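The two complexes that follow have subunit A in common; it is paired with subunit B in the first and with subunit C in the second.
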Partner chain A sequence: MEELLKVDNLVTQFRTPKGKLSALREVSFSVDKGETLCIVGESGSGKSITSLSIMGLLPSNGEVSDGSIQFKNTELVGKSERELERLRGNEMSMIFQDPMTALNPVFTIGYQLCEPLMIHKKLSKKEAIHESIELLTKVGIPNPSEKLKNYPHELSGGMRQRVMIAMAFACEPSLLIADEPTTALDVTIQAQILDLIYDLKEQIGMGVIFVTHDMGVVAEIADKVMVMYAGEVVEVGDVETLFNDPQHPYTKGLLAAVPNVDDKDQSLNTIEGSAPSLDEPINGCPFHPRCPFVMESCKVEKPPLFKVSDYQESKCWLQEESANDKSTVTS
Partner chain B sequence: MATNVAASEDVKKSTNKEKNTIVVVKRILKNKLAVIGLIIIFILFIMAIFAPVLQTQDPYQQSLTEAELGIGEQGYILGTDNYGRDIWSRMVHGARISLVVGITSVSIGLIGGVLLGLLAGYYKKLDGIIMRVVDLLFAFPGILLAMLIIAMLGTSLVNVVIAISIWSIPGCARIVRGSVLSIKKQEYIMAMRAVGASNIRILFKHILPNCTAPVIVYATMRMATTILSTSALSFLGLGAQPPTPEWGAMIAAGQDFMWSAPHMSIIPGIAIMLTVFAFNVVGDGLRDALDPNMELSDN
Partner chain C sequence: MIGLIIRRLFQLLFLLLGISFLVFMSMHLAPGDPAQIIAGPTASSSDLEAIREDLGLNKPVMVQYVDYLGSILQGDFGYSYQTNQSVSEAILTRFPTTVKLATASMILAIIIGIVAGMISAMRQNSWIDVSSTTISLAGVSIPNFWLGTMLILLFSVNLQWLPVGGLTEPWYTVEGIKELILPAITLGTASAALITRMARSSMLEVIQSDYVRTARAKGVKRHSITWVHALRNAMIPVITIIGINFGSLLGGTIITEQVFAINGIGRLMIDAIAARDFPVVQATVLLVAGIFVVVNLIVDIIYAIIDPRISYE
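For the complex of A and B:
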């Protein structure tokens, strides 16, 4: 399928009083048209920074210092703010984690929903309002013309997230980045929102990057899964292979940590230890202090991304033997 | 709010913006002091607007045979001054001057302060420069700064307006900068950037309306200070020049006749006091009414 986004060796750094810290280390992945990529990992593993880097919305002390982000075969790194503004909301858009804070409390829903339409489609206020009503209908909000006059605090969380989705879809983007869009919602609403995103995705045929740490959500919507740890990609694969046959110890740990509702006697599995903070120097594999299969080589040298199968790549020395005969993909 | 349920039919018809304004107005009306302040301000505006109608004679017309008449004597409502000018007519025209000077200098000060505050709060690079300049202005006692500016520009009412506007800028810039700093970190600003809105659009269309509440309160409070300062400057002979019927100038003119005709100074003095009181009280009321945390005690 046609490649929509290609991220290559992306390094994002933050300037801090302690010096430059890398939040992303040589992250590479790609998203095809109509494909859903899920990025999973613990808090602080660089999921959100990856999405912000693509959108060009990094905080002022952050910068993409190396690598490339190609969107529809044009390079995004180094583009001017003005050019990025033209893409944002138009070609690619983003849904945020907390719908409670992602809408401006002093304006009506309509006022905010009109913004992308007026900015990118150059519609007049009247046309924009007309279009907004259609958008709200599309995302399943009842009585849309009345709801336009509502302020965010008058709507429930699920309704607000629907409004956010309507805003993101206003200009029919080809790439949608959803940063934990269902984390702040309760489970029934979560399912509705996931369905909604899926339906709209099918209608427009766009690529989706879905950031989450909920493995249940991943299993439901993903085509491809990327597992991140300490700013690095540790394993990539399509959903089925990754869930059935995880190769990296970290992925295994993540999957084991999902509670099993049927098993009453089960104690919750955890991965011992915690993720390294950004300023901690890491020798070898970043996961080795917590890894149950740690070997000598893990402490010394960083493993490259080994190709496990056509659908799966894993960054772990355990793959070395099995991959010996196959060609290795250098990181 | 629970009370809305009963009146839901009516409320549904009115738009939400109206609903919010109604809530704010209701809250102010609950505050008795603020209501008194509002009444005083209303009377002031009536005096100012209809000054030519309300005056009993030309405020500049002298009649030395009727000088220093007391309150109510010979049909003069508030008496006359040392030149026999009707004090009531002069008071009415004085209200006009006070309000015009107050409103223009506060608006000019606000425009400057809001612009500087927005830029300083949003653009980190400008923050240092702008806020140091503002600090510099803060270093002077306000009235001294105004006197300094008037000393440079010359004494006139227009220069008073300029001086007081400049003096209003730093306070406003600080307040707006503070609001912008907290608002720009909110996720909805990030969401607007994700939609492709430019910095200027975000700054003026999305951040500015969020800081209106503190600015409104500041402006009202500032009106009081401004009117007081105008009178103070005129009293010192730096503002309105005689025979202009400015309240401060009237007090100054009356101080030589404190024993023979005390009402010459006392009447404008009371007027200034009431005006300043009214604007301060309304400012306080507005601050409480616009505070979203007050919603809990509302039901």
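For the complex of A and C:
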């Protein structure tokens, strides 16, 4: 498979009153053409910041301070705002969590939808309107030519998210980043929006980074899953392997916390404790205070990302143990 | 929208009725006898009585008020006690001057305020931002009369660049503009400062909003983010402030007209109050109140044009 995006040792920091804090610490992963990568992890683990770093849309006090982001074999870190503007909305697009605030309240849907078409595809106003109507039809909005004249507040949350999706797909990007695009919506709408993104993705054949809390969604759409904890990648793997044979104790905890409808008597397992905040000093593995398998080495030294198989990597000292076991067995 | 306008005009009618009553009563209950002022300190009591009879001042106050309302409704605002000039005429000759002063100050304040506020916000914490924030803090706290006096001392008395006072030439002539500069700055400074502060904070909030991020995610260029996506949203609270501030701007014209010896409505009103010239006081106060309401109606209309979420149905 052809590589679309390659993120290498990405470090993103924020200037805060408490000094410079790292929200992402040496995050590495890749997305192939047409592949769907799901990023999971609890709140504050750095999922959104990973997405925004790629798009070059970090809040004003944040910056990528180390590492590289290669998109279609060109480096994005250090690119000027001008150059990024040419990519954004064109080669890569993003859908945000909250459709209620993501659209500009003082412009019509039509204006906002025509914008990327006129900027990137250099369409005339008339052509852009024509194209917008088609896009709205594609995302399942009834009466598209009427809707173009509406303002965002005249549409429901689900409809607004469809508009956001139409905007993101307008220039048929090769990478779509969707940051919890269904979290703010009703359950019934969630499924529709998910299907819509999936269908469009299949049509265009683009790579997708999908951020979510919902393991059910992951199982449904992911090719590959990346688990984040406290600004780091703790496990990556393809979706079957990761669900059937999670290696990292944190991943195991996340999967155990998913309710199972077949098992009514199941007691829901939650992971005790909470993730460290950005300004807390971390010794050893960031997960060790909450880890049921904690060992002495975990408190002292941070584990590297161990290769479990061709399809799976895990950042946990247990991996080293089992690797040693294997080597002792074979020798 | 039409509904809003009609409703507001009705409100205006009642408001003017209320104001006329209050002003009428306060003028008549306040100490100071117009007859005495007209006739001078040496007048005999029979002279005074004759004057009162003539002006209708010896009727009961309520009767006087009703008579007054009756004549207003016929468009007759009476005659000045001091000059015998018709009040409508006195107002009509002075009104354009005040409108010129207020409009110039307001335009100055809006342009300076919005531009300075936007630049401040776009370059947060730069020296431009710090100086504009400091100047605008000073600007809101400087009293009109002091600023006016200082400007006259500097630019008219010392440097002799601009006239000391008066506002009589048409605004589109060089002389007219020169006359207008100092009074417009004097009257507009406080509003400019207020608008700057509001525009800055509102802009700072808007550029961090989700929809600005969405616009950037679409690849919209930086300058159109600022001047198209952000500006229009940032203006919503600024327009509110402009509307609220207009009242104090009108109040400021009174002082500014005094300082610069400008024959406008403000001065007419002050002189009339001093002389207990009831008809002139009534008419000028009603006029100012009416302007205030109409300007706020205009603000509300602009508001609805800028922000589609606002509907006055």
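As a convention for this text, the second predicted complex is superposed on the first by the 322 of 331 C-alpha atoms of A that agree within 3 Å, B and C clash if a C-alpha of one lies under 4 Å from a C-alpha of the other, contacts with A are read in each partner's own complex, and residues count from 1 in each chain.
Everything that follows uses one rule, which is that a contact is a pair of C-beta atoms (placed from the backbone, for glycine too) under 8 Å apart; a residue touches a chain by one contact, two chains touch by 3 or more.
A quick note: this is a predicted structure, and the numbers were derived from the prediction, not measured.
Asks: Please tell me, clash or fit, for subunit B and subunit C sharing subunit A in the overlay.
Replies: clash
Asks: Looking at the overlay, what does A:K20 touch: subunit B (first), subunit C (second), both, or neither?
Replies: A:K20 contacts neither subunit B nor subunit C.
Asks: With the two complexes superposed on chain A, say which partner A:K149 touches: subunit B (first), subunit C (second), both, or neither.
Replies: In the superposed model, A:K149 contacts subunit B only, not subunit C.
Asks: Of the two partner chains, subunit B (first) and subunit C (second), which one does A:M164 touch, if any: first, second, both, or neither?
Replies: In the superposition, A:M164 touches subunit B and subunit C alike.
Asks: Determine, under the contact definition given at the top, whether A:K121 touches first (subunit B), second (subunit C), both, or neither.
Replies: neither
Asks: Is A:K299 contacted by the first partner subunit B, the second partner subunit C, both or neither?
Replies: Neither: A:K299 stays clear of subunit B and subunit C.
Asks: After the overlay on chain A, which stretch of subunit B ends up in the same space as subunit C: 2-10, 20-28 or 56-64?
Replies: Answer for the clashing stretch of subunit B: 20-28.
Asks: Intersection of subunit A residues contacting subunit B with those contacting subunit C?
Replies: 55, 57, 60, 81, 85-90, 93-94, 96, 98, 101-107, 115-116, 119-120, 151, 164, 167-168
Asks: Quick one: in the complex, what on subunit A touches subunit C?
Replies: Residue positions touching the partner: 55, 57, 59-60, 81, 85-90, 93-94, 96, 98, 101-107, 115-116, 119-120, 151, 153, 164, 167-168.
Asks: Could you please specify the touching residues of subunit A with respect to subunit B in the complex?
Replies: Contacts found on subunit A: 55, 57, 60, 81-82, 85-90, 93-94, 96-98, 101-108, 112, 115-116, 119-120, 149-151, 154, 164, 167-168, 170.
Asks: Can you list the residues on subunit B that touch subunit A in the complex?
Replies: It is residues 15-17, 124, 186-199, 201, 206, 209-210 of subunit B that touch subunit A.
Asks: In their shared complex, at which residues does subunit C touch subunit A?
Replies: Per the touch definition, subunit C meets subunit A at residues 208-222, 229, 232-233, 306-309.
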